[in-house]
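Two complexes are shown next, each including chain A; its partner changes from chain B in the first to chain C in the second.
Up next, the complex of A and B:
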């Protein structure tokens, strides 16, 4: 089992592609790694791509909400991309409100959303 | 060499055994004949197709008897008959294993992607509650065959128990850690849900998911 998820930096964006079967320690590690990276050098956006996941339980989903909140406090906009229909249906039926983080259909849409923000502000 | 020779024997045996019980349409026959025994995912998908086919053309009550015959004919190489599974849950790794076992069993029973995700998510929530609150417990996965075919998840522990279970389930109680959210969530997605818990007496949860045959 891997013990860390890599965080890629592309200009002022952070990209995290989650391929591993997530467990709590991994999620906590990722959260603290992201915050450390933001402290080291600010980022305009953070994309969490979960297209490879087939399970996202409420604990992990809430961890994403918290990560997005913390990142926002550090000036970073977070987008969760690539949620499968199965996960979307399951979380919704479970009563989990996805209002806590922004989502995009896929990685490309997430990057587009974050770069549109660039042009808007320039 | 030897391995591949044994492998190539399996698909025709499987077709013959299946044909002895139900008619086998060309597409299913082709799916069986192109089976690679190294590809676990393919085996799971085929198992699901076979379960669906049997339930549609021979009836739900014949699924397990026919699968048993198929396993006999193929020397159990594919292990098509879903087996009950009991797992000790006491840490992160066991949580991940329990989730995977649930997905595998759900796939074997013919559950589609959404149903598989629901079952695995339910296992994840229940296993996490065990790890967080009771430290140790067990998850049991079993096959339900009454009028419909289903997958039952039972979670048991001898932990501290939940003081006001009704309040937790109605949403009147919110823990910082999310115990309530997880349990309510499982109750919402399962077709049957029962929980027994009291302080000092541990917790038992049973959630059943039925195969939706359309």
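Up next, the complex of A and C:
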């Protein structure tokens, strides 16, 4: 069992590729790791890539929303990328609305979105 | 001894119910009524065979089952009337009973003199002499043919219904696919033209297909065109909103175009949460907006 998810820093971006199914403790650990890293050195953007995930519960989704809100307070824009159709359908079925964080089709479009300076937020 | 009791018990039971018109009361009637007549009024065929498989007695129902007269049958045996394979079955069951002296029951096939095939349920009981030796058997037959025919009809009907059901569901799946086309009209832009009646089931289906198409085409915009829809109920409206939310989770933006006045009124009355829904009046405007967002310029030369 993985107890920590690595956070990569590429210039002024943080990249988190989540490849193991998440459990509550791991999610909390990830959140605090991200915030500590941002505190250590600020970043312009944060990408959470979940393209390898098959399952995502609403608890984790809400945790992502909270992480995005906290990162925003610290001056970082968060994008969740690579959600599969199955997860998207399940989350909406469970009444989870998409407003909480920005999304991108895949890692590439997330990086493109972050590199364009103009922030076209909804 | 016990079989004679058994044989006697049955007619008495029927005698209580059959001759209602007889003036005498219950017990008197069974005394004055000949056993043969009682057996003849029974619709179930009954027969008696000796150890050499010859019929030595039978009721009228038995003879009419065979389509033969009493005189033709008595003293004869199975090979005189039945095809060899049936005789084999009958005799085998007879011999088993003679050897074991135990009652038996079997489902059998019988072809009578008229060539009709009957499905019968035969119960056979051993007949004993005074010394307890088996001297023959008593057979009681229930003709299952009508039940069998009805059962077969029911089974056939059931399989026909299942077949029809299968065709219907295959057709509705086909219609569902036909009814929800997803078209890539420009690089990164998908069009979902909705026409006709939307059901909750269909709106779920279109969500699935739309999401699948978005990931396949790596689309950044999905335009949902509902010009062809003139009325919408709460379930469908919520389904569409869910579709839009799911699309957003993928990282794709959705536009809804072609909302008619009627649908606009309905959407507001239903109280659907329309925040986060980008709308444009026509497909052209929607497409223009999406292309502009993707940094395409449409210029007339």
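We take it that the second predicted complex is superposed on the first by the 117 of 122 C-alpha atoms of A that agree within 3 Å, B and C clash if a C-alpha of one lies under 4 Å from a C-alpha of the other, contacts with A are read in each partner's own complex, and residues count from 1 in each chain.
Keep this in mind: a residue touches a chain if its C-beta (ideal position, glycine included) is under 8 Å from a C-beta of that chain, and two chains touch if they have at least 3 such contacts.
Keep in mind that this is a model prediction, so the values were computed, not measured.
Peer 1: Does the superposition put A:89 against chain B (first), chain C (second), both, or neither?
Peer 2: In the superposition, A:89 touches chain B and chain C alike.
Peer 1: For A:76, using the defined touch cut-off, is the partner it touches chain B, chain C, both, or neither? Pick first, second, both or neither.
Peer 2: Once the two structures are laid over each other on A, A:76 reaches no partner at all.
Peer 1: Let me test your reading of the model: by the given contact rule, A:17 touches which partner, first (chain B), second (chain C), both or neither?
Peer 2: In the superposition, A:17 contacts neither chain B nor chain C.
Peer 1: When the two structures are overlaid on chain A, which partner does A:59 contact: first (chain B), second (chain C), both, or neither?
Peer 2: So A:59 only meets chain B here.
Peer 1: For A:109, is the partner it touches chain B (first), chain C (second), both, or none of the two (neither)?
Peer 2: After superposition on chain A, A:109 lies in contact with chain C alone.
Peer 1: Check the residue A:67 against both partner chains and state whether it touches chain B (first), chain C (second), both, or neither.
Peer 2: So A:67 meets neither chain B nor chain C here.
Peer 1: Can you pull the chain A residues that chain B and chain C both touch?
Peer 2: Comparing the two interfaces on chain A, one with chain B and one with chain C, the shared residues are 84-85, 87, 89, 93, 96.
Peer 1: Using the touch definition up top, name the residues of chain C that touch chain A in the complex.
Peer 2: Going through chain C, the ones touching chain A are 207-208, 211-212, 214-215, 218-220, 242-243, 245-252, 275-276, 293.
Peer 1: Please give the residue numbers of chain A that touch chain C in the complex, ascending.
Peer 2: Result: residues 79-85, 87-89, 91-93, 96-99, 102-106, 109-110, 120, 122 of chain A touch chain C.
Peer 1: Okay, in this complex, where on chain A does chain B touch?
Peer 2: 1, 21, 23-25, 54-59, 62, 84-87, 89-90, 93-96
Peer 1: If you look only at chain B, which of its residues touch chain A in the complex?
Peer 2: Contacts found on chain B: 92-93, 95-96, 99-100, 103, 113-114, 116-118, 120-121, 124-125, 128, 178, 181-182, 184-186, 188-189.
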